[in-house]
Amino acid sequence: MANQFGHSFRITTFGESHGGGVGVVIDGCPPGIAINMEQVQAWLDRRRPGQSHLTSPRAEDDTVECLSGLHNGISLGTPMTLLVRNKDYKPDDYQNIQKGFRPSHADFTTQAKYGVRAPSGGGRSSARETIGRVAAAAVAEQFLQQKIAGFSVVAYVETVKDLSANIEDPQEVTRTDVDKTPLRCPDQKMVKSMEALIMDAKKSGDTVGGVIFCGISGCPLGLGEPVFDKLEADLAKAMMSLPASKGFEVGSGFAGTKMYGSEHNDAFEMRDRRVRTLTNHSGGIQGGISNGEFIYMRVAFKPVSTIFKDQKSVSDKGDPIMLNPNSGRHDPCVLPRAVPMVEAMAMLVIADHYLRQLSIAAGAGDQRV
Amino acid sequence: MANQFGHSFRITTFGESHGGGVGVVIDGCPPGIAINMEQVQAWLDRRRPGQSHLTSPRAEDDTVECLSGLHNGISLGTPMTLLVRNKDYKPDDYQNIQKGFRPSHADFTTQAKYGVRAPSGGGRSSARETIGRVAAAAVAEQFLQQKIAGFSVVAYVETVKDLSANIEDPQEVTRTDVDKTPLRCPDQKMVKSMEALIMDAKKSGDTVGGVIFCGISGCPLGLGEPVFDKLEADLAKAMMSLPASKGFEVGSGFAGTKMYGSEHNDAFEMRDRRVRTLTNHSGGIQGGISNGEFIYMRVAFKPVSTIFKDQKSVSDKGDPIMLNPNSGRHDPCVLPRAVPMVEAMAMLVIADHYLRQLSIAAGAGDQRV
Amino acid sequence: MANQFGHSFRITTFGESHGGGVGVVIDGCPPGIAINMEQVQAWLDRRRPGQSHLTSPRAEDDTVECLSGLHNGISLGTPMTLLVRNKDYKPDDYQNIQKGFRPSHADFTTQAKYGVRAPSGGGRSSARETIGRVAAAAVAEQFLQQKIAGFSVVAYVETVKDLSANIEDPQEVTRTDVDKTPLRCPDQKMVKSMEALIMDAKKSGDTVGGVIFCGISGCPLGLGEPVFDKLEADLAKAMMSLPASKGFEVGSGFAGTKMYGSEHNDAFEMRDRRVRTLTNHSGGIQGGISNGEFIYMRVAFKPVSTIFKDQKSVSDKGDPIMLNPNSGRHDPCVLPRAVPMVEAMAMLVIADHYLRQLSIAAGAGDQRV
Amino acid sequence: MANQFGHSFRITTFGESHGGGVGVVIDGCPPGIAINMEQVQAWLDRRRPGQSHLTSPRAEDDTVECLSGLHNGISLGTPMTLLVRNKDYKPDDYQNIQKGFRPSHADFTTQAKYGVRAPSGGGRSSARETIGRVAAAAVAEQFLQQKIAGFSVVAYVETVKDLSANIEDPQEVTRTDVDKTPLRCPDQKMVKSMEALIMDAKKSGDTVGGVIFCGISGCPLGLGEPVFDKLEADLAKAMMSLPASKGFEVGSGFAGTKMYGSEHNDAFEMRDRRVRTLTNHSGGIQGGISNGEFIYMRVAFKPVSTIFKDQKSVSDKGDPIMLNPNSGRHDPCVLPRAVPMVEAMAMLVIADHYLRQLSIAAGAGDQRV
């Protein structure tokens, strides 16, 4: 169960970073949905390493194959299996790594937990595992957009280290805006300084982190459950399950703790012939349930752990060693590639809760708002 | 499934804030554990409203009854059912509330989702629902402490609005330190200003929020799963499922995004005859798996939504109205009572992952670190 | 999870046979359903011991209380908790029992599994656990009958030991027919001989078993999943989870193995303006999915294990002993009381699959047959 | 979730009978287990069509590939993905089939449920789906046999239509005995008549069914849960989820309903220094929990639905038609190939409950029998 996410739109991802391949089985995609595999490939291309000088040069082409669940481009309601073979695998690069536990990587804890681990590439802890998530999200997106007019999920890089983008209205940002530069920050004025900061870090063998903003437009009213499976709780889990994420906030988030209740509350009014809020500190979710407003959240990503500097560590046998894996291929900054990952997790949460709500709506009938 | 949490130590909470009662069924507590019901009651007393002038005056005594699963103080391995009857129920107080949707409450979204809702008291969205969680955690704590020497979970109020406690070593804070004042902030120097800030807000009919710090000491190495059920992901979901929480961070959190990788990485060394880290920006979790260090996290709570000031809203029928529920009983600040709730959720996550790890350890055998 | 049944209409039962009480939490009953608690009580009264000379004289009145999930007789979509207190508890009766493991009871295996067990009454292995299931089914029935015109589940005693009822058309049997006699066999001509057989067994301190027939009328087309969660697979699990059941068959069952394919196949025709089968050896389920025909199945119940005769056994300490618990209260024949239990499990399976189908139908749209 | 089986040893199968391939993801196989892929292939070869004149001539070689979860023959504790490509796919054979709903197949119900279906080969309802189950079981077997000395699962053909094998002691039958003839019936005296019966049916374009016996030796004491997840309930679901199965019984089964309690009860004695039963009508399970004795069960399989005779049916458009798919490739008798499928499902149930018991045993400690 540890490799599954979702109840009704449930995905199981599989695959180590170095091995036969990585992928996903989607169990619960409704039948009769038109699924364009080119759109799935396009999502994977956005996630792929080697897209620019900002990310890892690992040159996988990450071509996806659909093994089951689809016939003539229509979902059958059966498990959809999406597989990406591993290709550009250079175990030699990882030779030194094996000798010791890389600081702030999963090497040590994986060994401690399982007593065995994939000898190279990080196994399941590699960002390569997210291929399955992103492929599944590309399916979820097509399902949701066929069911909900105006539904979209857009994420972007908001901060890189201490540099912040200034976005007037996040709700207006489109994926096209975001993808204009390899950095995936829609504040074009900030892009240059941010890129410079990343390239400087890269030059010195170092890495940086930052914050991704993610917005969901057109989410139907009523998704999410009032207790444990609050929409923000499932989004939090989704985001905090991404490699390198250290924090999550929805709506006003941590900053909201500095406001008075009278400032923070979102008053209601009738607008567009439906109940709307005047402000949106709630971030589109109240009591765990979507209220029809723009849903927005932020995810903090730490600087990538793989650096090209000397680091103190310990070998498998418990001896002190000095590590400097100066030949592997890694991202100086995970953020540009984290953008589609964050979008993917948001998509999967909404698809799942959309299906879950159907059985509740069956009873709610015409009494709903 | 919406009212369940955990896989192996699984709880199901039930009950509306006004109705027959609230409680929990624990499915998965191992047999043979000595469970002291007085300790369960003590946990509930810490969560209870009416403990001080800082919290809601609702005068429930919240006496817990164990309906099943226990014989002569020993767990049977069967479902443990803990019930707290509702007593101090004044539906009249809520009369005005019913007329319109309270801003930033769950009234509107609950109606939108279900087409029906409990007429008073917030139903499942009430903080009263957390009684079941806290009672279950009191059982989980006894189980864990009988299995793991030195295991403890301690949370405390770190900030109230813009006032911050200054705690030198969070790892040294005990529950006794925390409970010294009703505010549950262990920085005794800050308590007075924080209390004043809360009382000022109360006087003006307003409310404030803040941040809870939570630390887990003695967590065994190897808990958490490497992909979706990362320990921090499950903790994030746990915390973000608490009423009024808006943000979560683990270890360095959002602040960590401002560091270089070379600063953020936690180097390894041999200490106390085991692999330890020199720093702990990871917050005791690496790659989703506990590394044996102190686990710590922060949870942001917004200011309570129920204020005693005029607020614009909309009635059930869609007419604009002005709300001012000036006679209900509510907390000016949720933080002191949120402390045991945060501890409870951390406890439940650890109990679940502790049990889950047993089936992995069965294979790992003697190869583990 | 061991005490849960169902995915979307999920129940958790709790309670030992001797203790505070037994009951159920229903998680997933849709909101807006009118639930009549008298109907719930009526189901429990059918299950109750002490209804006639044929069953156990234990005189519980089994009054049910609804603790949550219902307001003014309407389901809220929140967990519905139904509790029955234990009353007529005579631990003395069980004194001798404790000394050794009762043959073919769960005493020995429970001790072996848990290392601890409820000292009397069979704990969770008691038929008293089924109170929670029956109460939940009474809710499920009201939900299903409000959604599906003509839906009903009727079970009856088909055989007692080697005596068989002769029912011309099982589809015509109503619950009223069944309840005409305490035996719950609708073949009035057989009732006397069956009762005599049971009373003879009772007089000699012995017990008998038999077979329950269960039919489901009006089940919608399309329920059940094609692989693991076939409708017959979930019904099989449901029935085989009842105390004392040893066998299950659907449609032609074991007898069907003696037919040729050309005899067994159910030809299709158009009838009543829909696709119907000419015969029904499939028992209303094809490929795991309901086909709109009458669903029928049989469940074998062994003779009750508690007999009033000397039996060889072993004590807790491993010494050979002779058991004869000649003062407990037990049924000479479990069948009459098993009738509502079988109906309950069928009801729970259908309610669950009905809700599950909603998310599939969301995609299937107008392409469905 | 519909394509998953098991809680702790959880498998997800995928793939249509005609498409990219079929397979399984195993989530929960413990790390550190030596997995021999040749043994996995050997299980698949036993399940494969075209092994003899008794089964379908479809000539797949069913070569299995391991995509993940294994390194140097050792399980990593990560998802193990096993894939078998589809090869011998002749869509032309199925042309006539598409025109109408084949009697007693899943064509009609699949169309009714999903509104869309794989155009040929039965999609998920094909026996080809069981490749994933059998491959997973081959892994489960290696895990269990490395943990439990003397553990084995052996199934065989007990009856073909009205011919019954006579096996003196089922506990003594080995897989070698079973595989001596293509029929997989260890009563060598009956094999000829059974084969003749099948070949006669085949000649006349007809099919036959029968009963598979399955025994589990060396199952540890204490597996299974006392309420819904009784070992026999999970076995029943497992078996009734196999294509064409119509009935299940454990221990004395339906025949046991004809005995008195005093005959049916299994007396206890001390033997081999542990608590044993004198008889075994319980079939190795008491109160849902294994008691350390031989576990045995029977599964009824109906005659295969695909026959080569004229059959009345209905077209997709609701017109009456006559079907005779005289060129497809199908088994005249499913039983020989059902033997490894039955063994597979038994294996998966035991592996799952073995892992589940670990968290209970954690509490039970030294109080266990």
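So that you can tell them apart, the chains are marked A, B, C and D in the order they are listed, and the count of residues begins at 1 in each.
In this section, contacts are C-beta pairs under 8 Å (C-beta built on N, C-alpha and C of every residue); 3 or more make two chains touch, one makes a residue touch a chain.
Everything numeric in this text was worked out from a predicted model, so none of it was measured.
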Seminar exercise, completed: Set A-C beside B-C; more C-beta pairs touch across B-C
Exercise. Same residues or different residues: which describes how chain C and chain D meet, taking over half shared numbers as same?
Worked result: same
Problem set entry | chain B and chain C, separation of their C-alpha mean positions in angstrom | 39
Seminar exercise, completed: Distance in whole angstrom between the CA centres of chain C and chain D is 26
Exercise. Hey, how far is the Cα centre of chain A from the one of chain C, in Å?
Worked result: 45
Exercise. In chain C, which residues are in touch with two or more of the other chains?
Worked result: 1-4, 7-8, 13, 28, 31-32, 75, 77-78, 113-116, 123-124, 226, 356, 360, 363-365, 367
For this session: Spell out the residues on chain C that touch chain A in their complex, using ranges where they run on.
Result: 8, 28-33, 75, 77-78, 143, 147, 226, 355-356, 358-360, 362-365, 367
Problem set entry | Residue numbers on chain B that touch chain A, as the complex places them | 1-5, 7, 13, 100-101, 103-106, 108-116, 123-125, 129, 159, 161-162, 201, 205-211, 221-230, 232-241, 243, 245-254, 256-270, 275, 277-278, 281-283, 285-292, 300-307, 309, 311-314, 318-320, 356-357, 360, 363-369
Exercise. Which bits of chain D are touching chain A when the two form their complex?
Worked result: 1-4, 7-8, 10, 12-16, 19-23, 25, 27-28, 31-32, 65-69, 71, 74-81, 83, 113-119, 123-124
